[in-house]
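Shared between the two complexes below is chain A, which pairs with chain B and chain C, respectively.
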Partner chain A sequence: MKSKFPYNTLDLKPSRRDFMRLGGTSLAAAMMMRAGLPPILAQGMGDIPAELHPGSPNNPRGWTTTLPPIPEGMPVDPPVTITGSRRGPWEFADGDDIENSNFTRLNAAVTGINWKLAFTWTDNEGEVLQKYNLAIASDELPDFMETVPLQIYSELLDNDLIEDITDVWDEVAHPVWLKEAMGFSDGIAWRLAEVNGRKMGVPYIEQAAQNDKVLWIRQDWLDAVGMSAPTTIDELHSVMTAFVEADMGQGGDGTTLGIAANRQVNTWYCSLDPIFGAWGVMPTFWTPDENGDLQYDSVRPEIKEVLGTLRQWYSEGLLAPDFFTFAPWQNSGTHIGGNLAGLMYSPAFGAVYGLPDSVANDPDARWAFGDIPTGPTGIKKKAWSNPVPDTVYVFRKGFEHVDLVLKQMAWWAELLQNPKNRYHGFEGTAYFWRDDDGEIDPMGSTLDLNGYDDTKHIWGPPGTNGGSRTDPFYETNWIKERRNVWANTPEDERDALMEAFLGGDPLSVLWDEANVFAVDHWEADGIKNHFLTVPTRTMERAGASLDGLEAETYINIINGQEPLDRFDAFVEEWRSGGGDRITDEVNEWWHGQM
Partner chain B sequence: MTFKQYMKRAWPLYVMIVPGIVFVLLFRYYPMYGVVIAFQDFSPAKGFARSPWIGWENFEFLFSLPEFGRIFSNTLIIAISKIVADQLGAIILALLLNEARRIFFRRTIQTLIYLPHFLSWIVLGGILLDILSAGGILNQALRSVGMEPQLWLGSNDWFRGTVIASGFWKSVGFSTIVYLAALTAINPVLHEAAAIDGAGRFRRIWHITLPGIRPTIVLLAALSLGDVLQAGFEQILTLYSPAVYRTGDIIDTYVYRVGLISAQYSLAGAVGLFKSFIGFFLIVISYWLADRFAGYRIL
Partner chain C sequence: MIRDRTWFSRLFDSLNYLFLAGFAILCLLPLVHIFAVSLSGRAPATGGFVSFWPIDFTLENYEQVMGSRNFLRSFVISVLRVLTGTSLNMLLVILTAYPLSKTPRVFKGRTICIWFFVFAMLFDGGLIPSFLVVRSLGLLNTLGALILPNAVPIFSVILMMNFFRDVPKELEESALIDGASHWRVLWHIYIPLSLPAIATLTLFSAVNHWNAWFDGLIYMTDTANYPMQTFLRTVIVTLDLTQVGINPQDLQRLSDRAIRGAQIIVATVPILVVYPFLQRYFISGIKLGAVKE
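Coming up: the complex of A and B.
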């Protein structure tokens, strides 16, 4: 399977925007590195002892990590101790722990902050609520609260337990690594963290376009039926029909599917959201209508056309007869891994989720990705994946050192997110240097060549056990750096870090390419869900009922158990069953926002 | 025997029972004050003491749900079918295994039917989905003998049957073992005497084995009445889909979806209390039944 993939080669020159993001100091540092410079202590970081540095600068082919300048007024003297909550689990070697590790030692040297663990949780559903509720009930809130779930956040707000950080933020937040980085997409990052124009916390930011779909397609099947990649929904229909008629699949006779789908029409894997998007609507999303009010897309008339189309496809055998019994994660094994489907709308990470099974089961399988096909009126839209999950970082009311934490955040953000700094963990924490053959030895999954999870032991963003950053383009910037700069470095000049990252199997490379592609189309092709706050009162009461009704109706229309006109009755039931009231409540919030 | 003599002999028994009583008091009775949240608009920040009281509102909301009739009847139908299938199946299996002559054969079967008991529904759900899917092994087998494939998990005609059958498969081994244990308590002399009198296998089962385990049957059947609203949350959550809400959605899965939108402690508390109330009622009835038909009394 090696090197047989038809990569969609993309032009990946770094944009002007990338360079603007990178700030002057780091460019200078990068230039110094290019000039073949040298031991770390020569870089003006005399205050930080060499043994605290990340990277492996003292090994023959080890790498140098450039540290950003120490923030003004830091390290603070005397040092301060700040308590914080953390999501676990973690594992440390050699007597280190969460309060005393490579990260905290470097952090203490740079900022003068010592972190103390208040409490931790590992289960992100029940346990996190329990721990926070306990802290609230016992009046023992930590200074800094990590990844606070939405309902805890609203409880804290209702009870006035959170510090308003607006003024401190305006004064000390770093212009590039905090303010600018978090200003993407019209400031959507602040929808939760900002309440009535006041900043009540720091947004939790994941990577851009993480769940934005591309069309994954079996190139070898396309070649076999003599067709090219579909660019319209009609062409998509022809390709699906051709796959099914030629029975390209690996299963029993007649089990080939047109496209992989599951019980959720708008979801994170094997989704149908780009089909709905081709008609300009997005089920479960709230979008602005022509009057500037928010409308619930699931009940818009265009949906009926899409359901009619899907119903037609189902009756033609293009969808699995029981697609609606599958949850998204179950598609990867049965339909994709089992080589029953040669098409799916999945995110970039689909390259390493499902496709590896597919290739293992059929060594001739060659997957490629392409843009999503356009609808009958030329619309090309998909669900915009929001990099701001329903969680925030907040500070305890009365906490005095918000400014220090913000400075710390900016310093680590710059260290991690500027690829020119070449941060990739500490020896002994993320990897071991092996002198005998001059190789690095990743420790388990921590030196994950695509996941960057080795930073999860830092306190507060951009660290945290879950991958939050301050810049949603961080990962893509790294990919671009690897592909545009590192890959152009002559092989004999590459250091161990470059070598580790430039290797990688074809599917990981495909993942990188799809990631860059999805990020480039993120803003232009995405339909955004504009309702981003706690559920309204009527949603709490009637939401489960209405959501159930919606899911049931959609599925039963598609699979032919109910007539297409059932949709009209559903819209009426939705509106009278609480939907109208929800719409009013949502708009009350929406107009209060602006 | 005086009380003093009795205590001298029996005190270790009383000491042994103490941890059990403490456990029950601590973990079963002490938390009971928590049921107050069913009548509150509970917020953990305010706690039990300061959360506002709202009377029966949570119950009114529950009973006024448009789906309440549907989820209530689904719960009852699935739970009762499961109880009946499980008890009948376990009795029959226990009798069959009891008659098996080769110990090796009996032990093997016993272990095999007991095995699914140890797997979680998450694991079994994934396995069942593969077996029962449209292109799965069961439908392929049906097709190869010329029968129509069915959507076992996706059609309202089959979903309950699938749930009951798979629940049976998972739990029957455990129930069987309880009955097998009861069967060993029957005095073999009775069987020998009956055999000498010329009774065949079926006669002996009918006149000796079944009457011998009658108290166990009545007791287990009666106690299982308390489970009449436990249709199997985890199982249904892993197997169902919106297409089968009509026949497969139960109270627990519905409340779970309500909780997904926002944690509603009070509503969950009200549902728990409602289920406990019905369960309590049925336990009382079943205790009376157990006394009436099996002579089972606590005091």
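Coming up: the complex of A and C.
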């Protein structure tokens, strides 16, 4: 019925299709007729033509994206062109590119800024360094530099090539969407961007608890062996043993694994960090000791106990015999997608990474997540994932329009990060409407969310490849809005976007739940790495070989190639091979900044 | 040739063939595996269930690869690069090698020229100076940046030069006596006699152009202009998420072994197809009996 009638009663509410009419030539007249609109909505409309709008107000089942008020003094006239470097690659709608997309068109109308591409790179090893070094050597730094790696950042700082934005920031940075949003966790956002009290760039911020682990577990396997979710490491051991003994896996006989692991014990996927955390230590992290000095956890005596436990597990066949040949991202295919393991410590996004393959290969697979089990003395800790990775956004020394870029950031941050604005990208890129035959049709009744991620097109933050933002709780706020507000909307009042998310597939629902759970446990259960600055001099010189020695020793102890006591010799080697000096340097920084 | 027909040597021969055939199959198996993966569904391929026969047979991976604008664009760039780059390479190799193959009596400055080329072969300008030259010539993001910097492959010039030198002098002399110019000698005597060498060097050059990725990385500031092998590196990437995050959508794409398999096959097959066409030129002994001594 609804689909037959393009103009049904639902559309009489002043927030949907009207936007289309508001655009174009009849704008002024329509504005007058619509004088009753809430002021912020009217202001947000401004002179922005309807075809530049995100959202689908003109579809009968569509929704309206509210644009934030246009920043003061914008759009600037005449428009300015700013060059920037970008981390690629992307996909685009027909005829679009990184300099001309839904983002750039709307952005030019709102801010008057036109973005011009200086260079791009992709995520291959060293490519980003290569491209930035060429730009430095040829003396052609772009005005705005995205996702600058630490090494380049130090180089730029040493050569005084970066604009100090402290004063501009204090003056024009938005009090809510930039200043307040970046004030989380005692100002950790500024750990790199601020140098000697001066702001030299804009922080790169990721989702809070993005890589914080939960215990993912095959509920159907648990039911089959008649056990419940483990709450202690001992129970975890029993469950693993039961899975392996019952050979629950989908592979050949005897290939079931207790838990999925890889060659890095503290990593982003299929990690073992919560096991070390159960003994209160965290390999590769620097933590304060009882004297207030920083200590390197990888060489603490407790590590030996954990390695002993893992060694025991390996000898019992609970870890893959070749686990040390796997990189984290390879676990998702063979071990999880191939249904060899029914347990893993992975982040919330594990729900949509690995698990979809698992369910596709075994339709009976039912996954659940739970809190991480506690250790023998009741400790429950995991690696605290720092939402500020080793990278920053910086401006070229002498660049005049820092204020404009900061205003642009705040406008987009508010648009994307305030769930009340209901931003879900642009029709034709982020999502499509389809008619009953499945053909793309702007007036169709089916919402297809399988577009591509057009927030990557945004010259951010927010946006960019990797999804940086100004507020680490951005996604969590969205999930809460969906679960608390959308879910309470009567069903006959829901639009297609609400329905698509509320009726999402079970794994996406799990992702949302795990995300909220991980964020709730973020500060309480996390062991933080307290060393937060650029590598020290000895780290640069000896760090790589010491890290190699550490990784090799851990693996050789776990897989039984070397005796457990090898750990003591490793600690000695680490200390004499530069570790002691690194500890001194780290503490010099640590006490200096307190 | 007289063949030894003892049973032992026959046994040895057959074992030898068996052994070599085994090795040949070993070399083929990875390709067969990737081919099977590329024809399988996403889940079984990524889960590691596919060995040498596709599971959940589908052509969807190829449809996706062929339908991906990014991939197709890089494919076209690579094809153009091979066609123009190889032609230019061979033209310059032949034109350079011919005079250099003459004796210093015929070509006075030959020794200096040879040293000039050998020097350029042994030492290059280094990454950043080369980049600056290419940039100031306005070649960044153009096909020229991929073709011109190595337009004269000096190693090939030296091979070609030595091949030309082996062409019996009497043939050239007889042509010159009949009033032929150097162009005519090159075109009608040297080139027809050097087809095996030319075919080999063409193959080298084509394969080099097809497989090159580093210059694409350096000289294309926009990833949209990457040739295929440079583009493929972005697909078959070693992820390190401890540095910066990645969008979950991309994460899924990167662990999709079926799509990657299809991309590898599409990228490999065109250059494999070139071999049989060039093979007929790999005939030796063409000069045998040209001159009686």
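FYI, the second predicted complex is superposed on the first by the 513 of 594 C-alpha atoms of A that agree within 3 Å, B and C clash if a C-alpha of one lies under 4 Å from a C-alpha of the other, contacts with A are read in each partner's own complex, and residues count from 1 in each chain.
Convention: a contact is a pair of C-beta atoms (placed from the backbone, for glycine too) under 8 Å apart; a residue touches a chain by one contact, two chains touch by 3 or more.
In this text, all values refer to a predicted model and were calculated from it rather than measured experimentally.
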{"item": "Side-by-side fit of chain B and chain C on chain A, or clash", "value": "clash"}
{"item": "Which superposed partner A:Tyr353 touches (first chain B, second chain C, both, neither)", "value": "second"}
{"item": "Which superposed partner A:Ala551 touches (first chain B, second chain C, both, neither)", "value": "first"}
{"item": "First, second, both or neither for A:Asp160, with chain B first and chain C second", "value": "neither"}
{"item": "Partner chain(s) touched by A:Pro389 [first = chain B, second = chain C, both, neither]", "value": "second"}
{"item": "Partner chain in contact with A:Glu290 - chain B first, chain C second, else both or neither", "value": "neither"}
{"item": "Which superposed partner A:Gly577 touches (first chain B, second chain C, both, neither)", "value": "first"}
{"item": "Which of chain B and chain C A:Glu51 touches, first, second, both or neither", "value": "neither"}
{"item": "Residues of chain A touched, compared between chain B and chain C (which is higher)", "value": "C"}
{"item": "Contacts of A:Gly252 with chain B and chain C, given as first, second, both or neither", "value": "first"}
{"item": "Chain B versus chain C as contact partner of A:Glu491, first or second or both or neither", "value": "neither"}
{"item": "Stretch in clash, chain C with chain B, out of 45-53, 63-71 or 117-125", "value": "117-125"}
{"item": "Contact residues common to both interfaces of chain A (with chain B and with chain C)", "value": "133, 137, 333-334"}
{"item": "Touching residues (chain side chain B, partner chain A) in the complex", "value": "43-47, 61, 65-67, 126, 129-130, 133-135, 140, 151, 153-154, 156, 241-243, 245-246, 249, 254, 257-258, 260-264"}
{"item": "Footprint of chain A on chain C - complex, ascending", "value": "41-44, 46-49, 68-70, 127-128, 131-132, 135, 217-218, 221-224, 233-234, 237-252, 254-255, 257"}
{"item": "Of all residues in chain A, those that touch chain C in their complex", "value": "87-89, 91-92, 97-98, 117-125, 127, 130-131, 133-134, 137-138, 147, 149, 204, 206-207, 210-211, 250, 267-269, 327-329, 332-334, 337-339, 349, 352-354, 356-358, 360-361, 389-391, 452-453, 456, 465-468"}
{"item": "Residues of chain A touching chain B in the complex", "value": "129, 133, 136-137, 151, 155-156, 158-159, 161, 251-252, 255, 263, 320-322, 324-326, 330, 333-334, 340, 534-535, 539-541, 543-545, 547-548, 551-552, 554-556, 559, 561, 577"}
